[in-house]
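Once you scroll down, you'll see the structures, which are given as structure tokens.
Each of the two complexes below includes subunit A, the first together with subunit B, the second together with subunit C.
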Partner chain A sequence: MRSLLHRMNPSVKFLLITVCMFTMAFFFDPWTPLIFCVGVLLLQVLFSQVDWKKWTLFMIPFFITAFGYFWTTLVFAKESSGPIIWSIGSVGVTEIQLDHALSLSFRVLAFSSLSMLFALTTNPVTFILSLMQQLKLSPKIAYGILVGFQFLPVIKDEFIQIQQAQRLRGMFQKKNALQRLLASRLVLIPLLAGAVRKAERSAFAMEARGFTGEPRSSFFRVITVGKVDALLVALFLFVLVLSCTNTFWLS
Partner chain B sequence: MLKSWKLKEIVLMSLFAVVFGIVYLLFLHIGNIWAGFVGPIAYEWIFGIWFIVSIICMYIIRKPGAAVISETIAATIEVVLGNAVGPRLILSGVIQGLGAEAVFAATRYKRFDLWVLMLAGVGSSVFSFAYGYLLGGFTVFSTGYVALMLGIRILSGALLAGVGGKAVADGLLATGSLRGYAISRPKKGDVRA
Partner chain C sequence: MHDVILFEQVNFRYPDEDKWILNDFSFSVQKGSKLVLTGPSGCGKTTLLYLCNRLYPDNCDGVLTGNIKLFGKECSSFIPGEINHRIATVFQDPDAQFCMQTVEEELAFTLENLHVKREEMDKRITEVLALTNLSEFRYSIIQQLSGGQKQQIATACALIMEPEVLLLDEPIAHLDPYTAKKYVQWLNLLQKKRQMTIVAIEHRLDLWGDFFDRNISLNKSDIAFPIPQRLTSMQLDTSFEVTKVETKTFLKPTSFSLQRGEIAILAGPNGSGKSTLLKALCQLIPNSGVVEPAFLGYVPQSPEFLFLTKAVQDEVTYGGGYDVDNLMDRLKLVEIAGSHPFSISHGQKRRVAIAAMLCDGREVILMDEPTSGQDAAALYELFQLIDERARAGTTFLIVTHDMEFAYRLADSILLMEGGSLTGKFPAADVWENEQLLLDHHLLPPKGLMRHEKSFA
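Take a look at the complex of A and B:
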């Protein structure tokens, strides 16, 4: 039970989340995104083994963003008539404005809980392989992405090496964090030049071993779509419909 | 469309995507925190940075599709790196890439001077703004505020992505590592050819 979301087909999960997000974009009441957000969290608690400490840490910036949306909507909202129910300084807030503000902030939270669900339950390599097998992404691009992904630790090391080499030659005498951040742009070009050479080498190596990039019909690691996916899609759509129809059963 | 692409060009885009994926993530965190204080307009100033890959790759590779494919790969890699914004980034990557691609297609992939690159940044800005307008629910903001957001984003797209992208690619060209890509092919009437 607890591993269902981890076993779900990544492409199906990806499409499902996209559909949910676009549906949410058409609702401007606070309840729809709130109920949806709670529903997604519930599904995540039931069907996944997520490190909740990590989850909370990743969610903190989104809470800040949601707050930003909240007050911006209150202050810069469209003119709307109606009784003022709340006032902050000289800005009067009508009920519609408050609804919109709450709706947008809950939408940020709903989107980010969906994203966290995807990010924390999906294996990157499986995702790319699944894009190639289910969504017919060209193998040329799919393996190209995988090569880039595998180079990530190398590029990280190289970044540090270039920085140290530059420091040895006395390029950075800056002390404060902002100046050091700005100076890191000088690392960019050597890093990219290295990336160009690596790209050439690995593309050559792949072609030397017979990689043509032609679409293929059989794979070493097969990613399947099965019953688990059908079940989870049904559950998600149920939560989606439930949250979108809240006006009928809530009041 | 992919038939004319060499593998090394695709791997190049992928590796650029990794390097810029890290840069993008850095800016995203800065934007997120700033947005808490100044609202969604915080992203507009730095929005251009997210278009830079499509412009650099198109400037270097000069093939139809370079802008869309590179931006999509960059977005996918960003998701794969464990970005908390998640899968919707891929879609916004496609849309941003299409914006730049539209400008390059309008010049029939023949002109790659600074103005075209800046226009491509503007194209990305406009396309991504339309997408953000729908998903971010900007309809509830007043028209003046939305116009301000769009204006800042266009400026950011032209400067950060257009001018910045050209600067990075030219810097890279000067290192000599781009031999073998369309950018270093001699121009017509070039004596060195």
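Take a look at the complex of A and C:
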């Protein structure tokens, strides 16, 4: 049970999440995104083995953003008439303002928790393979991305090596963040020069193994669509419909 | 026996260069033969190989005239991808020829390219792994394997296509001598089992023994670069003293000292901690211990990692600028003083790096793998450069796998194994001691063997 979301077909998951996001975009009340967000979290608790500590860490910036939206909408809102229901210092908050503010911040949370669900339960390699098999992504692009994945650790090693070598020349780590950013430009030039050379070599190696970029007739690792996907799609749509129809059963 | 590859009066040049890199070139490869192409860098070996597997001229828009026939057919009559499974290639760089995570997936990638049916894939993967004795690595993650293993996997990926011809582009350039020798033996067995035609590029033939039955030299000028035996320039005073340097995780306590003008070679198997030691000495990674002097020169395998400015002149003077004009002159950098450091040749980049280190007032130079992938002319130039600097009083500590080069150059040898320094030995003692060499994945240099024969 707890591995269902991890086993779900990544392309189906991707499409499902896109549909959910688009639907959410058309609701402007605060309750729809809130209920949906809670529903998504519930699904994630029930059907995945997500590392919740990691989840919290990744969500921190989104929490901050959500709070930022909430606060700025309240404080810098357009003058609106209506009874003041809450006052913070000299700022009076009307019901409409509060509604808008909550709606914006819950939206941020709904979208981010949905993206987090996808990111934390999907293996990138499987996702690319599935895009190629189910959504007919061109192998040229798909394998390009896969090779990129293989290079990430190599690039990281090289980045450290270049930094070390440059430190030896008397480039000391700047204290100022802006200066450090400008200094990293000097690391990027040799890094990119090397990356271009590596990319060409890989492309040649792939071509020498008969890769032409044409669609393949069979796959070694077949990514299937099955009952699990149907079940999860039904569950997600149920949560989606439930949250979208909240005006009927909440009031 | 018919010709599998036939070149008739082939001319080839790159689109943005006027010089023909192959000029009226003809050669043929018979089925089942083992051929090696030798010659200095830039003489067109790699170009020739890429013409054989059809990577060129399409991938570089090169200009090609003349006739290339593969398996008796005009080469342009093959559709893209068709020739690649009859003529398979293994490249030089073990890090840049894989695109999947595990060995099994990588092999399957090759089969998918050939439109092999899914039911057959498993059988063919099992077969090729059994043939190459690599079955234990089936589920291994490629990036975690050693350089030698990666080259074996790359060869298996080529063999799974059941090719008639195998092209090898300096397959052992990045391997230590012992691992390289093992690879050659392994390849030899495979060749006997499969009766393939092999065309290889290699500029150091000593490790291949009598593997090849034909050698084609692309050397246009025919100037040989025999590296002479160097006379020591060691002076009496100590210039470099290392006491109990160690890192927390890997490097065990290391102490040694070098004299002024001494050239020491640091050798050992891949992954024995040679680069780690160099970095610890330069204080690039945290370590404990005392290094005297602390201000060391360091030249990484890619010298361009060091470059910070837009002109060679600025690069050399960047860190201090002591004795700049003299050193620029001695290291032949005056004519390229205004060039961008990334636009000059590899040998020039290294000279710039050394000049920059010396101008900072760093009198001990540590070099990481300066010999790997270098041809005879480049090695000769490197030899001259180090020799000349050592005579001027610079002390060198050089990491290399190239024992021929070490034999010509070294005053002393430092051997490493599993993160600890076995010891510092006078060079002459090491070459005689075969067990010591074998323990550190090294092989005695051929220069020494010739030397011994002449006395016998």
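In this text, the second predicted complex is superposed on the first by the 237 of 251 C-alpha atoms of A that agree within 3 Å, B and C clash if a C-alpha of one lies under 4 Å from a C-alpha of the other, contacts with A are read in each partner's own complex, and residues count from 1 in each chain.
Just so it is clear, a residue touches a chain if its C-beta (ideal position, glycine included) is under 8 Å from a C-beta of that chain, and two chains touch if they have at least 3 such contacts.
Predicted model only: the values in this text are computed from it and were never measured.
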{"item": "Subunit B versus subunit C as contact partner of A:208, first or second or both or neither", "value": "second"}
{"item": "Partner chain(s) touched by A:193 [first = subunit B, second = subunit C, both, neither]", "value": "both"}
{"item": "Partner chain in contact with A:104 - subunit B first, subunit C second, else both or neither", "value": "first"}
{"item": "If touched residues of subunit A are counted for subunit B and for subunit C, the larger one", "value": "B"}
{"item": "First (subunit B), second (subunit C), both or neither touched by A:127", "value": "first"}
{"item": "Partner chain in contact with A:161 - subunit B first, subunit C second, else both or neither", "value": "second"}
{"item": "Partner chain in contact with A:153 - subunit B first, subunit C second, else both or neither", "value": "second"}
{"item": "Which superposed partner A:141 touches (first subunit B, second subunit C, both, neither)", "value": "first"}
{"item": "Touched partner set for A:216, first subunit B, second subunit C, both or neither", "value": "second"}
{"item": "Which of subunit B and subunit C A:169 touches, first, second, both or neither", "value": "second"}
{"item": "Shared contact residues on subunit A - subunit B and subunit C", "value": "147, 149, 189-190, 193, 198, 202-204, 206-207, 211"}
{"item": "Partner subunit A, residues of subunit B touching it in the complex", "value": "2, 5-8, 10-19, 22-23, 29, 32-33, 35-42, 69, 73, 76-77, 79-88, 90-91, 134-137, 139-143, 145, 168, 171-172, 175, 177-178, 180"}
{"item": "Complex interface listing, subunit A residues touching subunit C", "value": "125, 143, 146-147, 149-150, 153-154, 161-162, 164-171, 186, 189-190, 193-194, 198, 201-212, 214, 216-222"}
{"item": "Footprint of subunit A on subunit C - complex, ascending", "value": "50, 53, 55, 59, 80-81, 84-85, 88-89, 91, 93, 95-101, 105, 108-118, 121, 142-143, 154, 157-158, 161, 279, 282, 284-285, 298, 300, 302, 304-308, 318-319, 342, 356, 360"}
{"item": "Footprint of subunit B on subunit A - complex, ascending", "value": "13-14, 17-18, 21-22, 25, 28, 58-59, 61-62, 64-65, 67-69, 71-73, 76-79, 100, 103-104, 107, 111-112, 114-116, 118-119, 124, 127-128, 131, 138, 140-141, 144-145, 147-149, 151-152, 155, 188-193, 195-200, 202-204, 206-207, 211, 213"}
